[in-house]
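Structures are listed in the sections that come next.
What follows is subunit A paired twice: with subunit B in the first complex and subunit C in the second.
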Partner chain A sequence: MFPYSTILQPLFWMSMGVLIALFFMGIKYWLADANIKMNGWKWSVLSGWFFFLALTVAAAFTLMGEGEWAAGKRFLLFFGIVLLLAGSGIWKLLKKA
Partner chain B sequence: MQKRLKERLVISGVLVLLLVAWLLGSRFHATAYQVLAEEFLHSSAYHATRVHDIKWKLTDSLGNEAGYAYMGKGSGYSGDITLLTLTDNDFRIKNIQVLDHSETYSYYQKLQQQNFFGHLQGKHTAMSRRANTVDIVSGATVSCMAIVQAIEASYLEAEGQKPGVQMVAPGWKEAVLLVLFINGIVLLKTQRPRLKKRVLWASQLISVIFLGAWLNNYLTLTQINALLMGHLPLSSGGLFLGLLLAGSILPPLLTGKNLYCQTVCPFGAAQRITGLLGNPRALMPPWHRGLKYLQWALTLVALSLALGLRSPAVSDYTIFDNFFRVGGPPLLVAVTVIMLLASLVVNRPWCHFLCPMEGIFRWLTLINKNVTQVWKNKPKVAGKIS
Partner chain C sequence: MHRRDFLKFTGLASGTLALGGAAAAGYMSGTDKKGNTGWGRAPYAKDQFFNRKPFLVVSPTYEKVSTPQRIQYLDNLFRRNGELGFYIRSLGERGLEKVKEEGISSLPQELKAYYTDHPKAFEEFFLTSESAQQQRANWPEHKNRYLLTDAWSKAHASPLRGRDAFPPQPQGPPEEWDFEGVNPDPLKLKSPKHGAELIKKITHTFGATLVGVTAIKDEWVYQGILRGVGKTNFEKPAHWKNAIVFAIPHEWESFYANPTYGTSYEAYTMLRFIAGKLEAFIREIGFSSRSHVPPNSYDLIIPPLAIDAGLGEQGRHGVVITPELGANTRLAAVSTDMPLDADIPVDLGIMKFCNKCKICAEECPSGAISFDDKPTKVVRGYRRWCTDQDKCFKAWNQVATSSARGCRVCLAVCPYSRKNNWIHTFARELDPRDPTGAIASAMLAMQKQFFDYPGGSQYLPPPDGNNKTYGKAPDWLRTEEWFDF
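Up next, the complex of A and B:
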């Protein structure tokens, strides 16, 4: 089975790592393209937001996977919206500062 | 002149429609509670003998005295709650049967889920006089109090005792509400932009935190419907609700100014605060006027439906509850989420295009313009005797 396969599992996680690295590298150029100058605190805020986004997705789908569908949906809906709103605010902040 | 005539025709049409709905509602919803009560008693394990209008004596299958049944009314969140209380010979509650109520379904469901009726079993019917404590369900306080009031009042009335006078005392909740209304007046009167800005944002924060997140108490269509059906909130000890209704309805009716939407409404405040995170603009497409007419018409349909069906909560589509209580029917939750996200790009979308309260205030303002103002400016007949 794929998730527990000796060869495919490490390959899957390696490709995930490459994709995430590419994502962060892409963000750098994308922000430069949008004329947003980044500095230390801006990267910290963005990383924090991304961390919580990943945590929310992971937690919600773990709940769903454990059979707690209602809890998972509620979690994703509540924190997803909070993160979307926060994302909009952070975007505004990055552009302004 | 043409516009004024049109407005007067619309107002007359609206008032006639509401009156017809009200009359239809009272014609088809005349409930005979005594019949309902006796039907329930006949289906129970007891034999009931009527003592008078609201009291029955119960005997079991062997003919032994088994207690009493009392029928009474309590003033709930959106209308009366009529119930039948079955007691033992010591007047301790054995069973409660709700004959009729107009409470919002989600509030009533809470009472059932938290076994409120079950917890009342074994308590004396005159609960407050016997210092029996009652566990009130959080978020459905008014409904719980109405049930306790109905049980107690039915017993006291049937036994020829006078019910205690309920004290209506103002507290910090009423003070906060008053401050918000005063802020609304300041916003309308002041010409200083800096003060305006400060007052507005202070009100928005107070409203979201206290009225929305903490108290979960705001103006809904259910309350307006209940008021139109003659249910006065003060009778359920709701000074806060009375103040909220008076402060929201009287200013647009008497002066044409709407205070509620500016400084008091917590969902409007939530949208404004969300707007700070985005870049909201006023949405003024060519069909903007059509959307406004649709909003006002929807309000009218909701009011007529509630009056016709004699159920204040039946047509309520306000989404404040879904936002502040984080839950509710999936469709309303979806609308809430869409509105919240839309307020990042559009200035208070719910308030401007869907909120029934805006529709209510629009009708009140029209009445003010065409009835109150005309009546106020009526030329006075000189009383001078020549």
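Up next, the complex of A and C:
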């Protein structure tokens, strides 16, 4: 994020780590309230989905940063829809299993 | 609010913020100048970062189909056009019309022989001449808009001109010129391995992004003309044993804004400085050397040497594509008798990708690039992609520049010519390791569906096109950002 700063760069990634930890802490309660019992493989699937969502967002914005705005938007739209569909499938799977 | 709800909404907000962070980090990675591979860490060889070891092959990926032949100097467009232009000027004011009317049969023997075999090239010469006149006539209309880029290009071209150009043109036969100033009392080199390693390190310190070493095959030596001697048929000099081949990229931002905002001269100048310094260095440690540099000071053809040296593979557009620089790879070489261990060629699947891709052919403003599914033409014993040089040069004489400064659209649109950041590293590392070609197909589908391309003739000025560039020009080349006009 701040490639030329020796202070802001590590601070940024530490903050990202904190945000992701908080996200997973919060999602635990959402899942519990939805009566979804989690185990190892379910957490792996959920984490993988979130990882790919973050990767898609990052990739799309990398293309935009390169000046390829149209490509970035199309990338985000296409893989965003794929991930939303996958997300709804995963939600159903978590509920069922 | 309950603690539980607080944690739930904090989690949701944190997830959203984390995605925002991913977007911001991605965006910065895209804009980061560090991704403009080539010059940042070149002196320490860190810009030659791709691990070629898993992709080494016994034979280069170009296909030998019959006995190789050396390239005749008239096969080189610039030498051919130079020769014909010289003849036309010798006829006086109406020389061009006269040669056009009288045709190929009126030409001096060598030109006649060439154009009899290549009559289309003769026709293209006159079409190009007309385009050049039109280009000059159009320039007043464009010159304010492109003032900065023209000035930038001319500044880069300035060290190439005149008698003081560096490195100096050879004066005399290679057996004398290549040994001029050679240290008469050299130390004994430990081994060719040491030699190659040292020379690569030194060449990187001079600014080369990529460096490779290969033995010089006879077929990569020009025939019919020898710098320092003139027109002659000659055998490859015995001391032209090895070639040190090196590459640098064009400046990335102007490169994406081809054809009108780019120039070849900035890379040419840099290559000439590297080659000239390397030539001097090699002589100082006791070995012969000779530079082969752009724009047209060659006795060797460099792209096949670069392929032999394992730097990359030939692309559909005829240019060497390397994993680090893509088609943004500009080459030069120094020949020497210094004992050097040769590098090994690579197969990165680039030629296979080019079979499918065709983006450069679709975007070429002159239609000079083949659409064939596989290389079909056999040129001097090798089956290869073959660009129509004459058509290509015609486009140089059409785009909105002050002179035929080049086009380079095929290099800019090439999917391999991308910055060095995480997203392209995935592609760079995964594609050559996938034997099925599925990753290449998926990437190509994304490339064609997601990315915008102006389309062939759009790069030309009106009425044929609209002076489009592939990418947006950087602010430092856009006159309107700095001057009123």
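To be clear about the criterion, the second predicted complex is superposed on the first by the 94 of 97 C-alpha atoms of A that agree within 3 Å, B and C clash if a C-alpha of one lies under 4 Å from a C-alpha of the other, contacts with A are read in each partner's own complex, and residues count from 1 in each chain.
The criterion applied here is as follows: a contact is a pair of C-beta atoms (placed from the backbone, for glycine too) under 8 Å apart; a residue touches a chain by one contact, two chains touch by 3 or more.
The structure displayed is predicted, hence computed values, not measured ones.
When both complexes are superposed on subunit A, subunit B and subunit C sit side by side without a clash. Angle at subunit A between subunit B and subunit C, computed from CA centres in the superposed arrangement: 70 degrees, to the nearest 10. Number of subunit A residues touched is higher for C, counting subunit B against subunit C. By the touch criterion defined above, A:Y29 reaches subunit C but does not reach subunit B. Contacts of A:L85 after superposition on the shared chain: subunit B is touched, whereas subunit C is not. When the shared chain is aligned, subunit C comes close enough to touch A:M16, but subunit B does not.
When the two structures are aligned on their common chain, the gap between the nearest CA atoms of subunit B and subunit C comes to 7 Å.
Taken together, the two structures place residues 74, 78 of subunit A in contact with subunit B in one case and with subunit C in the other.
Residues of subunit B touching subunit A in their complex: 274, 276-279, 326-327, 333, 337, 340-341, 344. Of all residues in subunit A, only 1-3, 12, 15-16, 18-30, 33, 50, 53-55, 57-68, 70-71, 74-75, 78 touch subunit C in the complex they form.
Looking at the complex, you find that subunit A touches subunit B at residues 74, 77-78, 81, 84-86, 88-89, 92.
Residues 4, 7-12, 14-15, 17-19, 21-32, 34-35, 256, 418-419, 421-423, 446, 449-452, 471-472 of subunit C are the ones touching subunit A in the complex.
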